[in-house]
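In the two complexes below, chain A is the common chain; its partner is chain B in one and chain C in the other.
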Partner chain A sequence: MDFEFITARAPLFGQAARLTVTLAFWGIIFSSAVGLVCAVIRFYRVPLLRQAAAGYIELARNTPLIVQLFFLYFGLPRLGVVWDGETCAIAGLTFLGGGYLAEAFRGGLSAVGRGQIEAGLSIGLNRFQLLRYVIIPQALAVALPAISAAVIFLMKETSVFSIVALPDLMYVAKDLLKEGYSGESNLMLVASYLVVILPVSLAFGYWERRLRFAGFGS
Partner chain B sequence: MVNSQEILKIKDLEKSFDGVPVLNRLTLTVKRGEVLVVIGPSGCGKSTLLRCLNGLEPVNGGQIVFEGQILTSFQTSWSRVRQRIGMVFQNYELFPHFNVLENILLGPVRVQGRKKSEALEKAEFWLNRVGLWDRRESFPRQLSGGQKQRVAIVRALAMDPEIMLFDEVTASLDPEMVREVLDVILNLAKEGLTMIIVTHEMAFARAVADRIIFIDQGVIVEDSPPETFFENPATDRARRFLNIFQFDGVQRGSRGTGPKTVPVRL
Partner chain C sequence: MLDSALSIFRTGRNLARLMEGLGITLQISAAAVGLSLLLGIPAGLLMAGRRPLIPKLLRLYLEIIRVMPILVLLFLFYYSLSRFLNINLSAMTVSVLVFTLWGTAEMSDLVRGAVSSLPRHQWESGRALGLNEMQVSLYVVFPQIVRRLLPGIINLTTRMIKTTPFVFFINLPDLLKVGQQIVEVSGIRNPLSSVWVYGFIFAVYFAICYPISLLSRYLELRWQS
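And now, the complex of A and B:
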C-alpha cells in the first residue's frame, strides 16, 4: 500500500466527493418535490394527472439511470436541447428518484386512516391544512423507512454520473486505475462513498427511532 | 323567513350507497338549545345522517338548512360550516402526533385564526371542566379511552360550535369509563347547547334528551319526548327495539330458583 500516493490523491477524492454530494443533494431535493406531487395527485385521485403520474412512476422505476442519462446527454441535443453534464445528472436523478419517492410517500399516505382525515375536516381544515397538519406528519412517520431506503439508493446511483463526463468519485477512481494503483484507488473509492453515505444512513436511523418513540398509531 | 327558533331543518333528505337507499326522504327540524337523541338498530342510518349534516357524505336529494343557510348546495363552503358544527366520533380520532393542547388549538388557531392566548384560555377553561388540564402535555397514546374522548369533545367545543354531533361516543369505551364521558355531555345539555346524540345507552338517552327520534330503515318511525318513547312507544318496531334492552321476565335457566326478573333501569 502506497500511503504517499493516498495522501497525494486524497484532495482529488475530496473534491470529487463534494461534487457527488452536491449532485445527489439537489437530485434528492427535486425528487422529493416530484415524488410528493405525484403521491398527492394519486392520493386525491385527480383525474388525468393521476394516470400521468402512474405512467411516469412506472417509466422512472423500470428504466436504468444510465439509460435515462444517455437520453438526456446524447439524445436531447438531437432534439435541439443541450444540457451540461451537471444539469443532466441532477435531472436524471430527479427523474429516477421522483418515481421511487412517489411510491414511498404513497405508502405513507395510504396508511393515514379515513377517521383521521374526517376528524381534520370536522374542525374545518381545508385541503391544504389537512395535508400539512394531519396527513403529511403521519404519512412521513410511516413512510420514513421507505424514504430512507430510496435516498440511500439514489446516493449510490450517482456512481454512474461519470458517463456524462463529470469528475465524480467513480470518474476519479477510474482515472487513477489507469496509473496502476488499483488497490489504493479502490480503497479510497470505498472509503469516500462510506464517508458520504453512512452519515445519511445513520441520521435516518436516528430520525426513525425518534418518531417511533413519539408513538404513532393507537 | 328564518324561524329563529330553528337551528337545523332537514327536508326529504335522501342518501344511498351504490344505489341502496340508506336515508329515505328523512325530514327533521331541530330547535335551538334542543337535545335530540337518535336511536335505532345498527345500520339504520344514524351515522350517515350525522355525516350528511357536516358534509362528510354528499347527499343524493333533499335539503339541509342550517341557520338559514342551505347546505345542500354546490357552493357550500364546508370548511366554514364545519367550524360551526362540532363532531365527536366513536373512535376519538385525536391526532396522534399532537399532544392534548395541540389537538385542541389546531382548529381555533389555524382554521379560525384566533389569537393563541385567547384560544389557550378557552382550552384551559374546557380542559378544567372535563378534569384534564393537568394532562394538557400528554400525547393521545398516554391517555385512557375515556380521557381521549373527553379531549375529543373539548377539541370540538374549542371552536365554539352552535351545534354538536355525537356519534356513539361511548361505544368503544370500557364500561367504567362510559360514565365520565356521559357526565360531560349531560353538563353541556344543562347549559343549553344544541346537540344531536346517537347512542345505545338507553338510561343516558332518557336522562339527556329533550326529544327522541327512533329511526328504522332510513326513516323516522317515532319522534317523541323521552318519557313517552320509553314508557309508551307508539310503534311496534320501537317496542321491539326497546325490548332488547330489557331483561324483565327472562328465565334464569335450569339451575334457577324459579322465574326471576332483572330489571334494567331506564
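And now, the complex of A and C:
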C-alpha cells in the first residue's frame, strides 16, 4: 500500500466527495418538493394537473438519468438554453428523483384510509391539523422504505455527473488513470462512496425501525 | 425542422448503427437478467433458510452491492480485474458480469421476501410427506412464489435496461455511445443533431421501459387479491 500516494490524493477525493454530496443534497431537496407537489395533486385528484403529473412521473421513471443529462447538457444549448454542468446535474437529478419520490409519497398517502380523514374532520381538526397529526405520521411510516430506497438510488445515480464535465468522484478516479493504474486510487474511490452513502443508508434503516416500533405501517 | 431530424437518421448507416447499439443494450440486459434469475433464486432460497451463517453472508453481500453505485463497480471490474487476476475481459463480459452481480443481489432479496411471506407449514408439510429440501423448494415453494415474484422481476428488468447506458463509461458502443458518435460527426453540418439524436434515445428508452413497467403494475394489481 502506497500511503504517500493516498495522502497526496486524499484532498482531491475529499473535494470531489463534497461536490457529490452538495449536488445530491440539492437534487434530493428539489426532488422531494417536486414529488410532494405531484403526490398531493394526485391525492386530491386535481383535474388536468393530475394527468400532467402522471405523465411526468412515467417519463421520469422510465428513462435513464444519463440520457436525460445528455439531452440537457448537449441538446438544450442548441435550442438556446445554456446551462452549466452543475445546473444540468441538479435539474437532471430533480427530474428523475421527482418521479421516484412522487410514487413513494403517493404510496404513503393512499395508505391513509378515508375513514381516518373523516374521523379527523369530525373531531374538528382543520386542514393543516389533519395533515400534521393524522395524514403525515401514517403516510410517512408507510412511505419511508420507498423514500429511503429512492434517496439511496439518487445518491448512487450522482456517479454519472462526470459526463457533464463535473469533477466528481468518478471523474477524479478516471483522471488518475492517466498517471497509470493504481489500486490505491480505486480503494479511495470505494471508500469515498462508502463515506457518502453508508451513513445515509444506516440513518434511514434506523429511522425505519423506529417508526415501525411506533406501531404505524406494517 | 423535421428535415434536419430526418436527414440525420437517413445519412449513411446512422439508423442501423443506432439499432446495433440498441442491440448491445438489450443483449446486456437479457444476459444479466437471465443469469441473475439463475443465481438469485437459489441464493434467495438460501437466504430465507435457517442455516446459521449463509443468510448473514448473503445479506452482507446484498448490502455491499446496494450501497455501491453500479458505475463504480463497472469501473473497478473493468480496470482492476484484469490487473489482479491477470485475465483480459472484454467490456461486454465485464458489463454482463457486473450487472449479474447486482441483479443476483436484488433477485435474491426478492425471492427471500416472497419465500418468507409463505407460511412456515408449507415447508414442514412437504418435509413430513418425505420430500427432501430440494424437492420442497422445487415443487412446493417455487410454484407458489412465482406470482409474488414476477412483478418484482419485471421491475428489476426495467431498472437494468435503464442502467445499461453506464457501459458508455467503459467504451462499449451501446445506444448512447453510438448516438454520441453520430452527434460528433453530424453536429457541424446539422446544429440540431444533438437535440434529435438524444431526444430519439430518450424516446427509445421510454418506448421500451414504459410497456414493461405497465405490465409489472398490471400483474401486481391482478395477483394482489
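Criterion: the second predicted complex is superposed on the first by the 208 of 218 C-alpha atoms of A that agree within 3 Å, B and C clash if a C-alpha of one lies under 4 Å from a C-alpha of the other, contacts with A are read in each partner's own complex, and residues count from 1 in each chain.
Operating definition for what follows: a residue touches a chain if its C-beta (ideal position, glycine included) is under 8 Å from a C-beta of that chain, and two chains touch if they have at least 3 such contacts.
Just so it is clear, the model here is predicted, and its values are computed rather than measured.
Residue contacts after overlaying the shared chain place A:P137 against chain B, while chain C stays out of touching range. Within the superposed three-chain model, A:E157 lies in touch with chain C and out of touch with chain B [touch as defined at top].
Note on chain A: of its two partners chain C and chain B, the one contacting more of its residues is C. In the overlay built on the shared chain, the residue A:F74 is in contact with chain C alone; chain B does not reach it.
Within the superposed three-chain model, A:T22 lies out of touch with both chain B and chain C [touch as defined at top]. Once chain A of one complex is fitted onto chain A of the other, the partner contacts of A:V190 are limited to chain C, with no touch recorded for chain B. In the superposed model, A:N62 makes contact with chain C only, not with chain B. In the overlay built on the shared chain, the residue A:Q116 is in contact with chain B alone; chain C does not reach it. Chain A meets chain C in the complex at residues 58-59, 61-64, 66-68, 70-71, 74-76, 78-79, 152, 156-160, 163, 170, 173-174, 177, 181, 183, 186, 189-190, 193-194, 197-198, 201. Of all residues in chain B, those touching chain A in their complex are 54-56, 78-80, 82-83, 85-87, 89, 91, 93-97, 106-107, 110-112, 139, 141, 155-156, 159.
Contact residues on chain C toward chain A in their complex (touch as defined above): 66-72, 75-76, 79-80, 83-84, 158, 162-166, 168-169, 176, 179-180, 183, 191-192, 194-195, 198-199, 201-202, 205-206, 209-210, 213. Remark: chain A residues 113, 115-116, 118-126, 129, 133-134, 137-138, 141, 214-218 touch chain B in the complex.
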